[in-house]
Structure formats: C-alpha cells, structure tokens
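Below are structures written as structure tokens.
Same chain, two partners: chain A is paired with chain B first, then with chain C.
Up next, the complex of A and B:
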C-alpha cells in the first residue's frame, strides 16, 4: 500500500499547473477584477490542498486517478470561471466538489467485487427505478427533472449503473442453460434487454445523443463476452454484431424525427443561422483562438447557447488555445487509460474499467467531434469539463470505479494463508 | 492475467479510436481554419494589385484618389456579396490574412493577389469611352495574361451600395464575360468553319454576287449594309466588305453541309440549338462562351446567325480568345488568366500562373489563312484610324433591342512579337456617342505598347 505522503509531488504538480493557469488568467484575462481573481485562486488552490489532506485518510495502492481527477476538475473550474469574464463559477465549483465526493462513493461501491456482485439484482432494480423516474417525473418526453433550484438528468445515473451491470454479470458468461434447442446465458439476455430498454427510453425522451454512450458501454461488455478465455474467436459473431449495429443505425436514422435528420445531414455553412449555428460559431471560435488562444475571458463564444456544455471544447479553444484544450483532453484520456498503467486486479474490475473507458471516450467523441462538425452534433457533455451537475456526479462515480479497480478489496480465502498475503491475493481469478 | 489483458485491449481499442479521431480533427482544423475565419466578423483581407503594384482592391478603401477603383469595379469586385462573379468574391480565401499558428494578422499581413491587369491602360480605355457604354478586353495571346478588362457603366466599390436600386443595368457585372450579339465578327467563325470543311482552295474559288439584298432560298431577304451591293466577291473581299449576302449564299452552298457546320461550331465552343451552355473559368470567374441556332441551311435565322445577328451570342472574351488561335497560327486558343501569383499571410508565393492552351480548334493551315485574311483587312482599312500597328482585325455591327440600337465591335490582334495583343472592343449604341470603336482600340494599344 502507498500513502498520499508519497504523492506529495503529484500534489505539487497539480498545484503548480493550476497556479500557472491562474497566472495566465491574471495577466491575459480581460478586465480582471482583483477581488474576483483572489476568490477564484482561493477556491482552486484551497480545494487542491484540502483534497490532498482528505486523501491522507485513504490507504490505496495508487492515487494516480485521484490526482488526475483533481487536476482536470480544477482546470475546468478555471475554464468555466473565465467564460464571459473572470469570476468564480460557483455552480460549477460545487458540482466539482460533488464529483470528488461521488468518486469516493463509486470507489466504495465497487471496491469489493463479491459484495457488489451479490447485489447485482439491486443494480438492475436501480436501473428500473431510474427509468421509471424518467417516465414519471421528467415531464412530456423530456430528460430533465426540474426541482426549482436545480435540474437533474436521471439518465446520467444509468451510465455507471449499466457499467456495474455489465461487470457484475461477466462471471456468468459461461453459465449456459438449455432453452429449446439454444444454449442461453440468461445474464446476457437480461443485460441486452436492459441496454435495449434504456436506449428505447432515451429515444422516447428525445435524448438521442446519449444512446451511443449506452451502446458503447454495452459494446465493451459484449466484446469481453465474445472473447472469453476458452472461446474460439468467432468472426461470424463479430460480423453479425456489426451488421446488427448497422441495421439498427439505419432503422434509427429512418425513424428519427425530422429535426434529428436535419441535424444529421445539415451543411452548417449553408445554414449558419439555423441548424448549423452552434457548430459554425464553434469552428469560427476555434479558428480565432488558434494554437494559443485569445486569452481567458477574451472570447465571444460565451454568447452562444450551450457554450459551457455542448460546445465547451470550442469555448476553451478560443480562450486558451487548441494546445491547452488538447492537454485537457489528454488528462481525461490518462484517467481513462490509467488501467493500462496500473492494471486492474480482477476480471470484474477490468470489465468495469473497459465500460468506464467506453463511456468517457464516446462522450468526449460525441461532444468534441460533434461540435467541430466531424460527426452529427448531438449535444452531450464532456466528462469533468462541461457544466452540469448530473454529468459531473456520474463522471465522478465512474472515476471512483477506476480508482477502485486499481485498489480492490479481495475477500479472505478459505484456505489458511500467511497474513501478509491477504491484501493482494484471492478474488476472482484473472 | 489473460482476461485482464483482454480488458486492457478493449480499453486500448477505445482510446486508439478516439485518439485517431482527435488527430483527424486537429488536421481538419489546421487545414480549414482559414475557411472558418472567412465566416468571422473579424476577418482581415489583403489587397489585390495590378501588374505594376497599383492597388485594385483594398477592403479598407481609404486613401485613394476619387474613383480610383471605378474602371475595375465590376471585374475585381469586393467582399460585400453584391457581385459574385468577380475576382475578389471568387478568390476571397486567398486574401485571408490569417493562419492558424499566427492567428489573425491585422497589421502587416501579406496575403495578396497580384493580377496581370495593367491598371493605367485599363483606366485609359475606360476614359476613352467618354461616358459611353460597352466593354473592352485585351490579353497577351502568347502568355494568356489578361491586360485590360473594363466594362461600362461600372461602380466604385468603396462608395457602397446605398443607391443600388438606381444603378444602370449592367453596372454590377463585367460585360466582357457575358454573351452579346457579335455582329459581323461572327463571320470569322464562319470563315474558319468553311476553311476546315471545304479547304482553302475550294473556298477561295467560290464567288457570290451581292446586289445589296439577297433573297435566300426560303424567300427571305438578307440585306447588305451597302444598299447598292458589292458585286461579285471572293472570301477575302467578302470579309473586308463584311458582306451579308455573300455569307448567306456560302451557308446555302452544298459544299458547306449544315451537319458539318454545326460540328465545327461546337468545336469552336458554341452551344448549338439546345446544347448545354458552356463556360470558361478565368480564376474562378465564370465566362460565357457562345451560342447560336442552326436548323436549316436555307433558313433565314440560320443564315442570320452565321452572319452574327439574331440568336447568336458570344462573349467578348471568347471573341478575343479565337483571335489568339489565329494570331498564334496554331489553331489553339491561349487560355486567359487574371491572377499572376498569390502570396499568403507571410508573403510566401503560394500560386503562380501558368500559360495554358485549349484543345485544337482548327488546323494551323486554317489559322494561317484566316490570319492572312484579317491582316489584309487590317492593312487595307485600319492603317489610318489605328496607325502604327500591324493589325489583323474584323469589325462588326450588332443589331440589338429588336434593331433599335446598333453596337460596334472590333476584334483583332497585333502581329508583333514584342506586343502580342489580342483584343475585343464593344461600343454600345454607337450612334448615340461621338466615340468610335477604332479610337478605343487605338487608346488601348497605345497604352499597352508604350
């Protein structure tokens, strides 16, 4: 076990990175109010330090994800606090703290694979409850629950639940049952059914943008299922699955509402005031920003709808430059890639990591490539960067899952073993 | 461990696909950022220059003499979106003082278009019209450099478009690029076609009589501009006299079958009857070619079309280009270009013009024969009015507005290795102005050859 004292340099790195960004804000920001700037500095650097001391209470094998998470979250606080003028974005700051807390929740939730696997039916029930909440409380085919002082997007919380559902059922992949003349794995059928139901629900409440994320989480689990240890790799299965995806996508496009199809096939430069408005403005902003940006709070994109969420990548590019925007993406990628550096210690946790990675990369791809007109614009969030409490909380939970995968708890083996080996042995064989 | 490695492989797969997408995105942004920037309110445009460094377009538009840009207004255009078929509108991305690494360069950006135009000569020709309408276009028939291209009336783009509703028709486009009734300059095409179909010996052996009016085989009169007629003539005399009855009889001649005549016209670039219209691209500017109606050798409209009236339309640029195929003696047109070279925001040359030729329109023998005919016409009829030049030339009078007005045209070339200039001058409603087309040609050549 490591302890966070050994991560003092990581903490210093995070502090220096944030301090560097704040210096840039001070010197290159537009009409920086000293008081507002001091508040921003105190909030960012204070959180860095407090989080470090909080982490002292956690004994983990590795703290990589924790400090990367802290790095990217406070980067996003600085970004969001400079859009349209330098002042602490309190809403985003609070959601970042929520995200950090959520990461601890996610960590504790899946750290012990035996416990969570024993509760997998509750996970299915939770998904069902969330779907029920969407149907009953989001209004007329909407995706938001308006609580007056805040809005919640319940579909976001289904993402970590679906990741857990995929991981908890992985042990049942070879538990085949004879049904008519087919060998059926009930867990696989249930998982497919859950994913299909979630996707159909998203379709119903017009949140088509999140369907690829759910599909990607399931695809990660599906890939691991068809490549299980003793299976002969089936090209037919893979091709069949690919064809099925294409057919489903074709049917989806055919049945999509007119406004969705208009977005799919719009030439944004022919419709810069209509369906192509956000994307064209985003690309213009990126062009104006260049490699090094126009300076914090010096952009114009903050006047465009969803500048802080759906097109936030372009807003960052405009003010901070493409280099910083890419570095931010790299930090999120490093969080998703952390299982390659610190390998997950069980197949369950590996499956968990694959699901989280799929969710993060697909969400980033949908947001960044969509806002830059590389693919149709869907309006999903970038994990940890886009403003939005539900997204931040669920991203935090999933980051916590990654941490847990690298710091698992394994149950005691029945056979007597030397006490020293308790912490690193047992669990599901890899 | 194999299971864990598999999960890592799936993670790697997702990461690699995403990183691949990001790499593509960065490449795309780098490549297309100047295009995005052109849609920004903050874009900064460079200037357009003539061949001597004189400014032809400046988005700032201040610090220039009154009407500095007037003679090139409807050719060079501007970035206001009112004139689409102009040099700036079609090449605005080349003037973008922006690069992704440098960002927007508001001061000292070197993005520019250097044209082949001679602004001083252009202005001199513009002034030579003395307020009359029309257009003149001239180029170097060896290199293709467009030297003069002015069209009247025109507009000073720096003064804006507040009075756009009061502008005269034809102000916002360069007439050199659009079809006009060619008058007897069309006879050059008919002579070329006849030479290609019959051969020079047979064509020169033919004589037809002109008594001032010829009643064609379908019973319709073809009038000659000389009411008492030209008598018996051969092709050389007919060209020099610009005799309509001669050419009507030539079209009726069985040695000039209509099918082959149509084929030859199409080869020259005409859209015959219902053919799809064709265009010449001059650095993005679309220029109409020619069109005519040929249905029956004995039909009045067909004969009238071959004489250069009625349905026949040819752009002055096209008329000039045919002269290059004759003057060069090759039967291939030299393709005109307006942009000599382009520089980017750093001043690096990104494009340089190259001389290009068209496909073979007619044989070099035909080119030489027509050249002799036109040079003879020039030496016999134009040495006084356009003195000092060895000219191959053909005049035309185009009846327009149902015959209510007549336009004067002159097409030709200078037979001089030092000044290889081909030109076309159009003077609209020639009886309403004291100016003659020959004066404009003289001014043009004096300006270019001095």
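Up next, the complex of A and C:
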C-alpha cells in the first residue's frame, strides 16, 4: 500500500459519516425499535469494517473510488432501511454487497487494457446474448425476467458491455478500409449498429428511459474518438451527427406510444391523480422536507408507488432534507469525476471513464429532474441509491471500471516480429 | 424535530462533508504516488527539442501537427498524425502511423522502433532527442 495514512483516514471518516447518519436515525427516527436499530447499525458498520480488511488484499495505488462506493452504498442502505419505519432492508443490503462484489469483477475485467482489447469480439457476443435473452424472455411490453424469488432486468447488463465495446474500438481508428468511395472503420459501423439495435430493442420493450443512457455512452465514445489519431472528424461530420440526433429524437417523439406522449406534455397539477400523480407527490414531499427533512421514517412518500426507486431522490429529500440528498448526489458525481483527479494513462481507460461518467450522470439527471418535474418522468434509477439488483450490480461493475482505469496494468505486449526489430535497432549512438 | 433534530441533522451533514473532504484529499495524495509509479515504470523519459521538452505522461503518446495530438509540432513538414509512442515494460517504441515524410531514428528510416536513451528522432524537419527527464529547477 503506497499511502497507509490515506487508507486509514479514509476508513475512519467513512465510518464516522455512517455513524453520524445512524445517530440521526436513532434520535430523529419515528418510533425506533432498539432491536431493529442495533441490527441496522451492526449491518452497516460491520460491512464497513469487513470491507476495509478485504480491500487490504488488493494492492492498489488508489482506493478513493472504493471508499466512495462504500460510503454511498451504506448511505443507501440507511436511507432504504428508514422508509416507512426503521428496519434493515435486507433485500437492499444484499444487493449492496452484490454491487461491491461486482465492482471487483469490473476492476479485474478491464484493468489490463491490452487483454480486454484482444477479447473484444467476446464483448460483442455477450451483448448479442443479452439482446437475445431480452427478445426471448422479457417480451415486447416488459423489461423484466421473473425468476420467482427475484426479477432480473437484462438490459441493465448491456450498459457496462457497451461501455467496454466503445472503449475497445477506440484504438481501431487507424484501420481504415476502402469501401466504394469511402474510407471506413468497420469497428465504428459495428458499434453504431450495436447501439442502434440496443436502442430499438429498448423501444420494443417499452423501456424508453434507458435509451438516453445508451445514447450517452455511445456519444461519449464517439466524441473521444474525435481526439484519437487518424479519426479525422470534420466539423461537417459533427454538425451532421448533431442534426441526425435531433431528427432521431423528433421521429422518436412522433412515433412514441400515447402514454409516453401524455407524459411529455402533461401538466402534473391538472392531473394529480393520473399521469402527474408521482411527480406531484414527489414535489410536495421535497417542499415539505425542506433543507433538513422531516426526519428518517417520518415522511409520507413511502406510500407512493416506486418511492424506493423511481422517485427515491424525493423520498430522501423528504425524510433527510435537501442538504443530505444533494450531498449524496455529490458523492456519486465524485465517483464519476474521480478520473479527473487521477487521470487514466491510456486512450482505452480514458474512453471507459467517459462512458461510465456519461451513464451515471444521465441516469441521475433523468431520475432527479424527472422527480422535480423539470423533464418528463422516465422511471430510471439513481445508481447505487435506488432499489434494484440489476441496476446495483451493473453500477458496481462500472464503478470497478473506474477503479481499474486509475490502477492499470501495463502487461507485456507480444511482439510479432522480434528478430526483425533487432536488426533495425543496430545503430545506437554512444 | 427542530429542537434536537437541527443538531443531529447538522452533525450528519458535517460528518458527511468531512468524509467527502478527506476522500478528496486522499485522492490527491494517491495521485502523487501514482505519478511516482508511472515515473518508475516509464523510465521517466521525455522528448527534447531546442530548449523545449515534452513529457511522456501516458502509455500512448500521439505526435503530430493536429490540435488533438499529445505532442503538437507546428510544422508543415510534420503530418497531422505523424507517429505514436507506446510503452511496454519500460521500453518506449515509436511507430509511424502513415506520415508523409516518415520517421528517422538516428538517421535511419523506420516504421517501428524501440527507443534508447539519447536516440535522435527526426519527424519532417524537426529533430527530437529521446532522453531522461531533467529537473528544470536545477
């Protein structure tokens, strides 16, 4: 470990932050059962301590993303455990642990960029498999696979795969091929095709809220490709791409189902029992919560559908106040922005970070602005905060990718013709 | 709520604020150790030309005339995307990425070549020396 003091202080202050929140729950919570409270404390603080020891086995140069991840995950456990009464939300607690494990998976998957770039065809195959699963098992009006004891949203798992696909294609920009009159990079065509297919599939499943997230991941990769050698994107190409996006959005709105168009143009205060119900209740809750909130488990929003996922920001605002809710958002933004402090050292990892950052930011914006009636309500989750196993797992994987980008492996690259190169390197001056 | 609640909310917010601050400070401290690691890995090399040095700060460094190049050489004899330098196990390699005037290392034309300290790289009419990074304060 290169910075033992940073590690110890980070551990200590994450623990203090969670302890502070638990104190608030105990003194401000509604009819707090001591037994339930002790279980919640043991779960949260126990996970903190276990994670510190587990992380000691990983020889990383930076642990900031890991500690921020732990901070926000246990914050979400405390939030979710206080909605409608103080008791440990075991389901969310387990998904948080899954998210932490998933972050380790993501970390190992993309740490060595040369290895993952050599396996990029498998990434495309995985995306194809996930799309096949959606077509076969979810149906045209659903996005879930019901396994009885749990439900899975397969489209969520495409997000990290698409981020990796964008990043692996970045180094292929030099390999142009002549096709008719055009110089074509096949990877760009494939990537665009994959993104378009995923978006169409989401349309078919009526999971329209996820489309902006996929589009944002692709756009981040597209924009970074401009900076890559030999990309040669002209201003005309950029303007053309912008116009194409606007036309696609216009066609999308025109062809959107009735219920979507109703949401786009609804005045929530004229329809407080119909399409505007969740948003109007969310806005009332945010206003009632004020800066400091009503206190954990003292709100009413937990009686509204999707209070723990789609309008979770409003539920937190109501019970914990706008200050704590905004600080939660800041922590997630800091996770996404951590590569700005510790920049990645390769184009692959740079693109990876941009894709993850785009996905997190768009998801948060859709959820928060949707809850506040600034944009139409989409039903997208906030990463790490909203309840939902698939979302938590994929968010964990993407956070692990950010850690990997800041702790890269520079593995030995196999040289195709080592003997020829030796001949060339003959003239070495003194 | 607002009698004791205000105090406990303030305590919670302060604890979170402090934690976020500590994590940001820790991140900056870790950044310096990452730089040290990079220095030891990359042999801390630079390209030097007429009193100006270009630090090789990542594992793929693009050299060219284009604004997006990591090392930008304002010279019409240099292609917009001229060469790329990569590092593997502490050894830097320069690769021609389709330039018009080519790359010369120590006067010999090359498409790809492993670099050694004090190699002279010629890109168009520009001559760069590949050398150990020197402390400017000295």
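Going forward, the second predicted complex is superposed on the first by the 399 of 430 C-alpha atoms of A that agree within 3 Å, B and C clash if a C-alpha of one lies under 4 Å from a C-alpha of the other, contacts with A are read in each partner's own complex, and residues count from 1 in each chain.
The criterion applied here is as follows: contacts are C-beta pairs under 8 Å (C-beta built on N, C-alpha and C of every residue); 3 or more make two chains touch, one makes a residue touch a chain.
Being a predicted model, the structure only gives us computed values, none of them experimental.
Judged by the touch definition given at the top, the superposed model places A:272 against chain B, while chain C stays out of reach. Look at A:347: by the touch rule set out above, it reaches both chain B and chain C. Once the two complexes are laid over each other on the shared chain, residue contacts for A:21 go to chain C alone; chain B is not touched. Of the two partner chains placed by the overlay, only chain B lies in contact with A:372; chain C stays clear of it. When the shared chain is aligned, chain C comes close enough to touch A:6, but chain B does not.
Of the two partner chains placed by the overlay, only chain B lies in contact with A:357; chain C stays clear of it.
Considering which of chain B and chain C touches more of chain A, the answer is C.
In the superposed model, A:283 makes contact with chain B only, not with chain C.
Of the two partner chains placed by superposition, only chain B is touched by A:333; chain C is not.
On chain A, the surface patch touched by chain B in one complex and by chain C in the other comprises residues 227-229, 292, 294, 343-347. Against chain C, in their complex, chain A makes its touches with residues 2-3, 5-7, 9-10, 13-14, 16-17, 19-21, 23-24, 27-28, 61-64, 67-68, 71, 75, 174, 226-231, 292-295, 298, 320-321, 323-324, 327, 330-331, 334, 338, 341-347, 406, 408, 410, 412-413, 421, 424-425, 427-429. Residues 1-4, 6-8, 10-15, 17-19, 21-22, 24-26, 28-29, 32-34, 36-37, 39-40, 42, 98, 100-104 of chain B touch chain A in their complex.
Across the interface of their complex, chain B is touched by residues 216, 220, 223-224, 227-229, 269, 272, 280, 283-284, 286-292, 294, 322, 326, 329, 333, 336-337, 339-340, 343-347, 350-351, 353-354, 357-358, 361-362, 364-365, 368-369, 372, 374, 430 of chain A.
On the side of chain C, the complex with chain A involves touching residues 1-2, 4-6, 8-9, 11-20, 22-31, 33-34, 36-38, 41, 57-60, 62, 64, 68-69, 81, 84, 87-89, 97-98, 106-108, 110, 112-114, 116, 118-120.
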